[in-house]
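Here come two complexes built around chain A, the first alongside chain B, the second alongside chain C.
Entry: the complex of A and B
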């Protein structure tokens, strides 16, 4: 059985997803010791060339899988500490992972998820065909999370986090990804049924609805990856030294920042701008 | 500002960093105590260790254990499984102890995140 990691990167004018995906891939490859492939588009590859990371990318990625850039009008508010901006999110083609992956067992990760341990190695041989990050785990505490971080709506089902998804090339997994795609194509309809906000397409919601349907409309304990340890976008990645990341963590009311550091722990860093600011130091870690 | 209030606020800042550091340390240890075996997923804890120790006195081959999701998992060689989970447990808890002592000794925010 071949195992490997899949990352998506479609650059926008605001965010250098090419750089983030290279860091995420390099760390995942180093710490899980499996190959990584990138799903990207011609303009993002061109940007890699212009920003002088293409050579590094071709050494880190086993395959560059070039697809058409998805057309989307998804815009989302993103914080960089206390600064806010609306940025485009070009990530609506995640359901294509099943067809595009070159591996029998794939770990699909977001480009802002950095793997510093071998924890997820324990899941390669689990019997489940599809596993998804079971919840968000805020580094500060649950106090900063809202209902919509745990459920897809006020009256809805559990929200799984598609930041980490592991799947096998099996008919069941294919059905799962087909269902994700179907939910995406009929997003308004499912928003009416599950009562979620459909103004912006969100992979986490489409994956959660698909899992709920395929689990038989009940809440199953199986098919879960560990909670995704996360720093929010109002937190700031302050420094990267040796194997240590130091953050300024915003308190619940945002009145001050608390310093904290991590080593050897997988982390989802929502403040993408602060990742990019430390891009060169992070690249040295891979 | 009143010195007593300033001292309380300073301690509050220290305590919040301490809590985050302890939480991320527990995460790291929790990861080391997760064991994927033969299609199942086991959490290495007191229950598993004790149960495996007890049943290994009765039988050593072809034992079925319930994993973290209550799925039945066949353990062909129980002795090897037992050695592995005990080894992982000792390694993880020793690391937890050492790093937790380090945290407790750190009396400033700077030392906590060093």
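Entry: the complex of A and C
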């Protein structure tokens, strides 16, 4: 059985997903010791060439899988510490992972999820066709998380985090990704049934709805990856030294920042701009 | 050794408790294994059964009118015709076969009272909005809506006798033992919890188990981010023709304590009846 990691990167004018995916892939490859493939598009590859990371990318990625850049009108508010901006999110093609992956068992990760441990290695041989991050753990405390970080809506189902998804090439996994795609294509309909806000497409919601449907409309304990340790976008990655990442963590009301450091711990960094600011130091870690 | 479910109803000015008991009994017949599907009904006036299409779902009918509905349940040990009994609230529905729960209790318990309930999403209910009396007075978190007992049990006899004393003397017991937060009414839940505490038998009659799994639909404990008066304002209640019940987006597989009495309407009864007739 072949195992590997899959990352998606479609650059936008605001964010250098190519760089982030390279860092995420390099760290994952180093710490999980499996190959990584990238799903990307021609313009993002061109940007890699312009920004002089293409050579590095071809050494880190086992495959560059070139697809059409998905058309999206998804705009989201993204913070960089206290600064806010609206940025496009070009990530609506995640359901294609089943068809595109070259591996029998795949770990699909977001490009802002950095793997510093081998914890997820324990899941390669779990007898589950599809596993998804079961929740997020805020690096500060649960106090900063909102209701919609736990459920897809006030009365709705649990929110799983597609930041980490592991799956096998099996009919059941194919059905799962087909269902994700069906939910995506009929997003408003499912928003009516599951009572979530449909104004912006969100992979986490589509994956959660698909899991809930295929689990028989109940919460199953199976099919879960560990909670995703997360720093929010109002937090700032302040320094990258040796093996240590230090963040300035915004307190719940945003009135001040407190420092927090991690080593050897997988981390989801929502403040993408602060990743890019430390791109060269992070690249040195891979 | 006989086993059965005991339901106690009496006249009420606004709620047709017999209809609820009928719905519950149909759901028991529809889901439980033979031998674990017997139902006894305690009712203040047998004549009312004439209005039911399939009153055969009640295997025993006991006419008894010494107490009103609420107080009547505390006499469950003296009213039951079974050697082993589970006394239930009537505003509930069975959605799957729970015969194995009964088998466990018959084998292992003289008296067992539910001590954990779940939201419709399957989360253990931890909120005490309706149970301040319990938390403030450090009472065990008992739910009399599912009470198993053996008829010949001395432990059960002593427990139910004290429970009746508490219900008959609510002011005295509240003043003495519930002073940190006095309930408006000392109901069966409060009386059973206090009796268990006074007899120091909580560990014997309410030890942790994964069952009975009861979904409790009181709205303020559903882990919603806002206050709610009635749960049906926020989530749907869907019983399909096969008797499968969904609440909101969740398939239910526990005993559902639906609380809102109007949920069992004629349409629901028709569905349950058709399943029972075809079984």
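Just so it is clear, the second predicted complex is superposed on the first by the 286 of 286 C-alpha atoms of A that agree within 3 Å, B and C clash if a C-alpha of one lies under 4 Å from a C-alpha of the other, contacts with A are read in each partner's own complex, and residues count from 1 in each chain.
Going forward, a contact is a pair of C-beta atoms (placed from the backbone, for glycine too) under 8 Å apart; a residue touches a chain by one contact, two chains touch by 3 or more.
Remember, it's a predicted structure, so these values are computed and weren't measured experimentally.
Asker: Would you sort A:127 into first (chain B), second (chain C), both or neither based on which partner it touches?
Answerer: It touches chain B, and chain C stays clear.
Asker: Applying the touch criterion given at the start, work out whether A:193 contacts chain B, chain C, both or neither, answering first, second, both or neither.
Answerer: second
Asker: Is A:147 contacted by the first partner chain B, the second partner chain C, both or neither?
Answerer: A:147 contacts chain C only, not chain B.
Asker: According to the stated criteria, A:86 is in contact with first (chain B), second (chain C), both, or neither; which is it?
Answerer: A:86 sits against neither chain B nor chain C.
Asker: Per the contact definition in the header, classify A:264: touching chain B only (first), chain C only (second), both, or neither.
Answerer: Only chain B; A:264 stays clear of chain C.
Asker: Name the contact category of A:216: first (chain B only), second (chain C only), both, or neither.
Answerer: second
Asker: Who does A:137 touch here: chain B (first), chain C (second), both, or neither?
Answerer: Only chain B is touched by A:137; chain C is not.
Asker: State the interface residues of chain A toward chain C in the complex, per the touch definition above.
Answerer: For chain A paired with chain C, touching residues are 147, 154-158, 193-195, 212, 216-219.
Asker: Touching chain B in the complex: which residues of chain A?
Answerer: Answer in residue numbers: 117, 119, 121-127, 137, 139-141, 221-222, 226, 229, 246, 249, 251, 256, 258-266.
Asker: Mind pulling up the chain C residues that touch chain A in the complex?
Answerer: Against chain A, the touching part of chain C is residues 121-122, 222, 224-226, 234-235, 246, 248-251, 253.
Asker: What part of chain B is in contact with chain A in the complex they form?
Answerer: It is residues 13, 16-17, 19-21, 23-24, 27-28, 30-32, 34-41, 69-71, 109, 112-114 of chain B that touch chain A.
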